[in-house]
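Naming follows writing order (A, B, C and D), and every chain is counted from residue 1.
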Amino acid sequence: MGSKQRWIAVAALLACVLLAFAPPAVAGKKPVKIGVVLPLSGGFEIYGNLGVRGAKMAVAEINAAGGVLDGRPLELIIEDNKTDPKTSVEKAKKLILRDKVVAVMGPVSSAARDAMTPVAVKYKTPLLYGIDYEGGVCNRYVFLYSAIPDHDMDKMVPYMGQKYGKTFYVFGYDYVWPHKMTEAIQRNVDKIGGKVVGVEYTPFGVKDFTPTIQKIAKSGAKVLMLIVPGADGFTFIKQFTEFGLKDKIKIVALASDENYLTALTPQQSEGIFTALPFLASLDKPEAKDFVARQKKMFGNDVVVTWATCSHYGLVMLLKKAIEKAGTDDREKIIDNMGDLTVTVGNGPETMRAKDHHMILNMLIGKFTGGKLVVEKDLGRIVPSDQCKGKDLQ
Amino acid sequence: MWDIGIQLLHSLNYILVLVLVAMGLVIIFGLMRVINMAHGEFFLLGAYTVVLTSQRGLGFWPGLVLAPVIVGLVGMVIEWAVIRHLYHRLLDSILATWGISIAIKQLIIIFFGPAGLMIKPPLPQSVHILGLVYPVYRLFIMGVSVAVIALTFYLFQRTDFGLGARAVIANRDMAAALGINTRRMNRVTFTFGSALAGLAGAVMAPLMSCDPQMGLGFFIPAFLSILVGGAGALSGVLVGGAVVGGGDSLISFLFSPVTAQIVVFSLAIVLIRIRPQGLVGGRRHE
Amino acid sequence: MILSIENLHASYGGSLILQGVDLSVRRGEIKALMGRNGMGKTTLLKAVMGLVPPRSGRIVFDGRPIHGMDTHRIAACGIGYVPQGREVFDDFTVMENLRLGVLRNPRGRRDIPPEIFDYFPILDKRRHQRAGSFSGGEQQMLAIARALAARPRLLLLDEPSEGIQPSIVDQIAATLKAISARTGLTILVVEQNVDMILELAATCAFMEGGRVVQACDVDELRADESIMACHMSV
Amino acid sequence: MSNAAARTLRAHPLALQLVILAGFALFPLAGDDYLVVELTQYLVYGIFAMGLSLVWGYAGILCFGHAVFFGLGAYVMALVSKGMVPGIGGALASGWAAMALAVAVVALFAVLLGYFLFYGRLSGPYLGIVTLAISVIAERVAIKWYYIGGYNGLTGIPPLSLGGREIIDIVPMYYLIASFAVGVYLLCRRIVASPFGTIVAAVRDNEDRAEFFGYNTAYYKIVIFAVGAAVAGLAGALFAVVTEFVSPTMIGFGMSTEVLIWVALGGKEVLLASFLGALLVRAMESFLSDVLTYYWFLILGLFFVACVMFFPRGVFGRLLAARPMATGAKAGGAGET
């Protein structure tokens, strides 16, 4: 490696750096940019991909119908936060400062959302969150198209307690969402006079859950509240099934959706419960239509779940807010985002102005025979005020 | 009764898998004085070979046979391209194999995507032993691990190849002066060590969801087992594996997986500091 | 001429040690290589074995140039090497040590030649004991036996008498002389022990400053003390 | 200008050093907001890289877990300045005091760790693996320890204030960090050029020989280890201030790997080369990775292998070497123990 080649290598590297700093070129009619920070790797990628497909369909439909503010098209700029809070912060800053987006959509984990919130507040850009979470966020710059314990746990725990027994075991990831959901579960279990016989948290990436499965089997619990979504959750359910415990102990898998059908065998997913505002198999015209449109756009074997609907709904709300505000000024968009209603996959869903939370129609779903079907339609549920009377700061 | 039986079986299962992964590592480190930081990614390649054969409809078993062969070949190529130039530069071999591990991880992400992938379990049945339900496949894993470990011991203790390899481990120059082709021995050893890692990956793949980041999860405990047990002799791996693997599964049961990892790693570091030559002793390889 | 070294230069540990060595050994001859410490004797043997890469110059063994070849291929040409300090494999048994000597033969012909045990009977009695449990002298015999196991045509010995009681030294010298006489084995031995040289070697060469400065027959050495004095006194 | 600084500047091609300094000073006027925010963050990574360069390049200690010190500095800074540490409040919780405390805590931890490692005669590969394991443990502890934010990390870290005014805007923050970078660089140059630095280099090249001369090598390794750690801790504290966010990924194995790559590519034996290495790799990563997505890390990994094998002195190493290496062109580069 003579020194001449080294000089060429050094020159090439420096050229790359200078090239990289060149400002991006400006396109035709100025698009209204929406930033997307979702996990496309690192553990929660199954939810990230769903969110991206929901947002893409909404933007395509809006642009086909003439875009917003006299013909300006919407444009999605998608960033992968690798399921990690630190990357989420970096990507959010990049979208706001460099790409000058009017709103940032995402992420998935509550950890990443809490990390991104100060960035949204500092740079005065609305953060549109579309994943079910533990509730309690009350922030002018954060909008939550999410089911919270008022929607799911308050209904699920009594239902399972009455049907299968009042002893519960909670097993979840070791971060804020599972910890807060455990509190909600504990509250509801106490209300129905049941007992939480064990709680355990696990880091990401554990490959063998035998010790935990052992403890659950020994605890005598009748219902397991599993708060380990994504790849590690599949590993757990697979091993739980192999130990033959699935028929003795019922599993409620939080945030589980149609993705579980492709990842698990029918035998492994059999008998698992979930609570969601939308199921692909829901027998309602708007549900069938939504699934059909997704299939037309992304192919017949595309997975369509609640996360697709929630991100589709967020884009629709944003469009309505921009139209009402008549400008792409972020503060005005925020002021007009409240008390808007959209119908996506399961009846009208309203974004409340007072706490930026949703009024949703809820379903209890059950995995059976390799399909996710409606076990019980809970109808319209109005959650408690997440700001508890204080105004949005 | 339920938990003691399962606890023993689980500990045995994890120890054997750890030893299987560590075996390849200690042979390469012992014989070639090379630390292969990409060993975890060889494990990964083995797992994804099985994922590939399952996706292509060939099923698990051809993948199990193919994995050690493919990963062995990859090891041979890497030994020829990179390791061969770094024999006398141990620290550089650590860094170079580290770079290779990053590259392999990314190749897996490019070809298989970043998401976790599952494969259909080859032996889904469970069996009733000691009055409890235990997956047949985990017994199969233990069987394979014991067989391979025994084969490796036999190969190194009882055959001419083993004699030559141990001679190179003990005194490389003298072995060469006796006519042993140390360069070919290095290539064969690195290939064999890589194949072992590939096999371990393939065997473990059906048990869990495979994702590109899982290599490290097996590499660090395996390497700590070597350092705790002592890299001098093959038996060191068994002792080290028992301490690290047994400790991890026991503490996971008594407390939680998170505590287990913290305690076991800290224990390993203290042990390495107190007995650098490892529990089994023997000359410390410097 | 079985081994000829021409103008050999080699460095070891960063400094140039061999500065133009010229040495030749005839077939069946037993030659001693003498000189004060640090004159490059050991480095020369290592250079012949390829353990030290020669900078320049030629080494020809049995008509074939071997400088720059891999050590194991040099050994395979039929050169046995007994390093300074013997370097037997302590953890291995006597049989394993000896078997290492024949490992380079193709699979079929790897049995240890019976005559090895005639040369050194002690090895036969304690064949399954660990080499590490042997005394210095016994280890030296094992190291020589190991080198002879593959029936080399040239044997290189580096200070075989070092740390061994005189009785064993004489015994080893006598045995080597007998082997060479019977099998035509050529021996190049680096040695300081005059008695051994007088007993074993036919010719000798003196090294100084990384070069061979003088060669003579052992008889001349026996007659004229001065040669020895000028090269060996400190 | 102090004697040592003058000598270092003379030693460097003066023009090159001034050009780099001027470039950084004028950058905020040219670049738009986003680029300035990005470069501010890269400068912090540059300081972090210099910390590792001191330990690895100059002292030959292969530390596979240097992010432990970076993360620890960030966490101490965050916890103290947010008043979450019982017993430390009021004046002590102010930004500057918190930063000093962070550096002190990291240095102390490094001394303890150094004592544990170097008096056990752990060196080379063993040291690498043990420090790697330590960084994994640190990440697990940070994720599990719910009080310090666990997996979510800590947000809302108060900014530093200078002369009564909070440094929060983009350009003042940039100059604050840039001045820290220059200060740390000159301090490290002074250490390296000092008699102490020469002994450390001697310990790196041949620990036994240094010991024969009566130097307690473990002592020198611990001191340089602590200095390198303190620099990384300072970088961590600055990072907490710049990003107002701290999370376990900053203390773990991932970040340790990244800094290792920056320093290896830049040139571990020369402080400025490591600094520029961090800037170069991070800049390319931020701007090229959305073009190359997954291929970026593949290229980085292979380039890292190439650097280790063919460019032991890194991309900038040869370019910026102050003096031809005192030990001559020794095969295998300096990192060999």
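Assume a contact is a pair of C-beta atoms (placed from the backbone, for glycine too) under 8 Å apart; a residue touches a chain by one contact, two chains touch by 3 or more.
This structure is a prediction, so every number in the text was calculated from the model and none was measured.
Under the contact definition stated at the top, the chains bordering both chain A and chain C are B.
For the pairs A-D and B-D, the count of C-beta pairs in contact is higher at B-D. Ranked by distance of CA centroids from chain C, the top chain is A. With centres taken as mean Cα positions, chain D sits 54 Å from chain C.
One simple way to say how far apart two chains are is to compare their mean CA positions; for chain A and chain D this gives 37 Å. Between chain B and chain D the centroid-to-centroid distance comes to 33 Å (mean Cα coordinates, whole Å). Chain B and chain C, compared by their mean Cα positions, are separated by 43 Å.
Annotation for chain D: residues 140, 143-144 touch two or more other chains. The set of chain C residues that touch two or more partner chains is empty. With touch defined as above, residues shared between interfaces to two or more other chains in chain A number as follows: 174, 203.
Pairwise, the chains that touch each other are A-B, A-D, B-C, B-D. Across the complex, chain B meets chain D through its residues 35, 82, 85-86, 88-92, 94-96, 98-103, 105-107, 109-110, 114, 216, 220, 223-224, 227, 258-259, 261-262, 265-266, 268-269, 272-274, 276, 286. Within the complex formed with chain A, the chain D residues making contact are 31-35, 37, 140, 143-144, 146, 150-153, 155-156, 243-245, 247, 249-250, 280, 283-284, 286-288, 290, 310-311, 315-316, 318-319.
Partner chain B is touched in their complex by these residues of chain C: 49-51, 70-73, 75-76, 81, 83, 87, 89, 91-92, 96, 99-101, 103-104, 110, 146-147, 150. Those residues of chain B lying in contact with chain C across their complex are 160, 163-164, 166-167, 170-171, 173-183.
By the touch criterion given at the top, residues 1, 3, 6, 9-10, 13, 16-17, 20-21, 23, 79, 84-87, 89, 93-94, 97-98, 110-111, 114-115, 117-118, 122, 173-176, 179, 203 of chain A touch chain D in their complex.
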